[in-house]
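Okay, structure first, notes after.
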Amino acid sequence: MNQYRVLIQAPDSTGLIYLASKVFFENNLNIINNHEFVDNEQNMFFMRSVVSGDIDARQLKDLLSAALPERATIKIKLARKKNIVLMVTKEAHVLGDLLIRNLEGQLDANIVGVISNYNILRPLCEHFEIPYYHISTENISREEHEHKVLSTLEMFDSLDYIVLAKYMRILTSEFTKRYKNKILNIHHSFLPAFIGANPYKQAFERGVKIIGATAHFVNENLDEGPIIEQDIIQVDHSYDWVEMQQAGRDVEKVVLARALKRVLDDRVFVYGNKTVIF
Amino acid sequence: MNQYRVLIQAPDSTGLIYLASKVFFENNLNIINNHEFVDNEQNMFFMRSVVSGDIDARQLKDLLSAALPERATIKIKLARKKNIVLMVTKEAHVLGDLLIRNLEGQLDANIVGVISNYNILRPLCEHFEIPYYHISTENISREEHEHKVLSTLEMFDSLDYIVLAKYMRILTSEFTKRYKNKILNIHHSFLPAFIGANPYKQAFERGVKIIGATAHFVNENLDEGPIIEQDIIQVDHSYDWVEMQQAGRDVEKVVLARALKRVLDDRVFVYGNKTVIF
Amino acid sequence: MNQYRVLIQAPDSTGLIYLASKVFFENNLNIINNHEFVDNEQNMFFMRSVVSGDIDARQLKDLLSAALPERATIKIKLARKKNIVLMVTKEAHVLGDLLIRNLEGQLDANIVGVISNYNILRPLCEHFEIPYYHISTENISREEHEHKVLSTLEMFDSLDYIVLAKYMRILTSEFTKRYKNKILNIHHSFLPAFIGANPYKQAFERGVKIIGATAHFVNENLDEGPIIEQDIIQVDHSYDWVEMQQAGRDVEKVVLARALKRVLDDRVFVYGNKTVIF
Amino acid sequence: MNQYRVLIQAPDSTGLIYLASKVFFENNLNIINNHEFVDNEQNMFFMRSVVSGDIDARQLKDLLSAALPERATIKIKLARKKNIVLMVTKEAHVLGDLLIRNLEGQLDANIVGVISNYNILRPLCEHFEIPYYHISTENISREEHEHKVLSTLEMFDSLDYIVLAKYMRILTSEFTKRYKNKILNIHHSFLPAFIGANPYKQAFERGVKIIGATAHFVNENLDEGPIIEQDIIQVDHSYDWVEMQQAGRDVEKVVLARALKRVLDDRVFVYGNKTVIF
């Protein structure tokens, strides 16, 4: 018995659930769970079905393609551990949180490597036996540095996602295009407030009473990619910006972990600049 | 074109989504949205479909009954304003909140009457032109009082729900059985903590750092009915129990209103002592 | 016995708490509660003491002025009901919420009038016997309209605060300067995100997963005044912008009410573009 | 210059702030921050002052003792890293979170050892170079096991706190009395709901819509000690109890870490069964 996550996206039309569920039924596939949504503004249909049964993925895809309208996008995903690379700079809290989740078997991914522009987090990664790639920015241009990072990434055979776990450098659009909807970032503000550098300092100066974190896919525009998950914590006048930053760590790591879990579970559709998450 | 909310509950078996969506498809019904859940522990399937098309409710029910396994429960609901009675004692905040929502067209119900054991809230109801029934408890037994309440309720032809909007008396099991899964209550704690009288005082004495509210259906056991909605607010040592009570008002009214909205939208399945909410 | 709220703001220096508490002690004033904060960046000291005893306010102020450094600002406030005017447009939920709080004795203010550019909310105000001033914008310029509003406000002898309870017009800087730190507004986003018109639509288009509300003092820059209170609710892809707007109503009214309560309790210091709230 | 945290608890009487601040002023101590609270029900005064200046702790305590009423309790604490022992069973998430915080310099404590009834978490602790003491329960009585734990704890010279970071055994009252108000626990429910074993299973069976975590001091009654910190997350019908448990991990670790931070900062007063936290 195989278990598949079937993701269907199509311009909305009558009968899509029927047509898909007919394929499942006629092939003795049991629907374990099913979510459906129609974006009425875009007239777009989304469905995610988890099905189990005795069929191979190729065959299931062919049957669904034949049954559904031509413009439907169909993805068949196995419930398997995805391969991810983490990119970090100096801060340990997000990286460490992911390493602990991985240790406890809660992450459902293989962390195939950690890439950093500093060497600071190497010992932490080595504790957990994760390969660490220090790619220094010293004496090289932004382009050269990024090419080295890209070369390192290309070493990994079947890389599913790149997770920026407090990676404090901006990626070029060449980079983001190559890994379209494959790069997750955690931004330390409730976007779209406080785009760019040092959002906690911006938040402190504005005198806000909440600070937040946003996990999003990275696209060519800084901090403007599709949002996956957001959360906030309350602060007050007694927090200076360093204390905001310290308090914010907990929401950063939890928001990124929640977003990553949904992505790894194949629960996230990206369309336009938005996400549909089942 | 009619629009229906179709609620199906059945012991889980393969093909339920297919069988229901086949009926929809073959009758040219468009699925506007669809939610499905299987409780694996109880092996119970739940589905809520909003469909529109040219069919009458009776016919749709017959077709679904014929298509689905015998043990399936099928309910066809029109999107219409439900008739509700509110029961209150002395506090205005929950009642007032519902009256304002109603005024703004946000409640999606007809408040056909307000019943109270006091006369205090009569002027407020009269402002909003809602009939007010004062049923005093003076000089009569608990049973006599409740019979008067029941008689008043029976005057209303097609009563859908009774909402205890801070009604501070306990109903007998005779009452709760007569209106099984038709009575909503707001309890001013995060149940199951602080069952019974004066939960804020209990919370204060325990020294908790959060207080909450729980909207639930009322059954024969005090504060033990199926939970619909819960939320909390943070408190600290500086709150005495009266201040907890005051702060709690906002969460009480919002939690009850959210729960009621879901019930009125026919989004809530009750089974055993739990709810499934789509 | 009188009870005073003493608010002291001064450039920080050693001994400020001692100097103030000495005055209280030597005049047999009991400190009921006391809060203190130093903004280290601005080197600014804030203290709020609630004291009770047998002294008049004038005398207490003179004694504190003599005891404290020359540059200290000292305010002595009686715990009394403040006079407030509400300004509204068409939406009832924030106005209604304040009226219900007032009815229940939870607001601690006299609502001396409601001003609106529409006549829609008149019946609601009349239910609660609050004078309603309809100042239409038809056939008059922005300046003329605002002058009429200002003239109406000037009728009220001792007006403490103006509360924009979903007043959908922008005030001129002439207006905001005249009532500096006296005008509260509720903005329906977590500022500084989504400044300006229709923040829910902006939020929907950005695909955010949280929406919020911000209560702030109004200054000459739109939505940039000192923030008093903020809160958020979670949303997801299934909300269109009208549903975001509906869901947001609850957080709008609660955030404004909490902010207003703090202001009415003389708990809020405004300095620069920030607030210190005890 | 030394910096002290001065904690004063006393039956309330007029002039306590004055009397304490007079000592600070006359000894050229600068008050960096100051918090005060009176529990009116118990007539109890609490004050925490952070002061800096040129005085030794002994002398400051003597001066305050002389100035304040006889029944006042005065504690003078240096801002220093406290020594803590963690006790764990099998789960890594709370332990790992504390180890990462420690690594990042965010914990403000020395983790002098980890004690466990299993050997499972030894490698994790050894990564971080923390001594690990496996004290098996096999073939020995509860009393013998606890005596071995107590002997191990006695090895540490100046132990400040014991942190039960998901230690799944119940301590005897002999143990809890010996370390009165020195043992912190994280309980995986919003106490007082779901005391005892497997609160997630209890929560699932009750059908709650929120789950929580409570950090508290341990006393002789299981899960009934003074509460320090609580928080919750929203769940729905789609969570089985294992998924509740997984989702709850994030709130467990964050709540315990926040509580521990406050305790380490000497911000927490315990009195009766409650806490006052500045």
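For clarity, chains are labelled A, B, C and D in written order, and residue numbers in each chain start from 1.
We adopt the following convention: a contact is a pair of C-beta atoms (placed from the backbone, for glycine too) under 8 Å apart; a residue touches a chain by one contact, two chains touch by 3 or more.
For clarity, every value in this text was computed on a predicted model and none was experimentally measured.
Student: Same or different: do the copies subunit A and subunit D touch each other through matching residue numbers, with over half of them shared?
Tutor: Answer same: the two copies use largely identical residue numbers here.
Student: Farthest chain from subunit A, going by the mean of C-alpha atoms per chain?
Tutor: Computed centres place C farthest from subunit A.
Student: Rounded to the nearest whole Å, what is the centre-to-centre distance of subunit A and subunit C, using the mean of the C-alpha atoms as each centre?
Tutor: Spacing between the chain centres: roughly 40 Å.
Student: Distance between subunit A and subunit B based on Cα centroids, please, to the nearest Å.
Tutor: 37
Student: Quick check: what residues of subunit D touch more than one other chain, meaning two or more?
Tutor: 37
Student: Any idea which subunit D residues touch subunit A in the complex?
Tutor: 91-93, 96-97, 99-101, 103-104, 106, 124, 127-128, 246, 249-250, 254, 257-258
Student: In the complex formed with subunit C, which residues of subunit D make contact?
Tutor: 14-15, 17-19, 21-22, 24-25, 28-38, 234
Student: Which residues, counting only subunit A, touch subunit C once they are in their complex?
Tutor: 37, 39-41, 190-194, 206-210, 212, 226-232, 236-238, 240, 273-277
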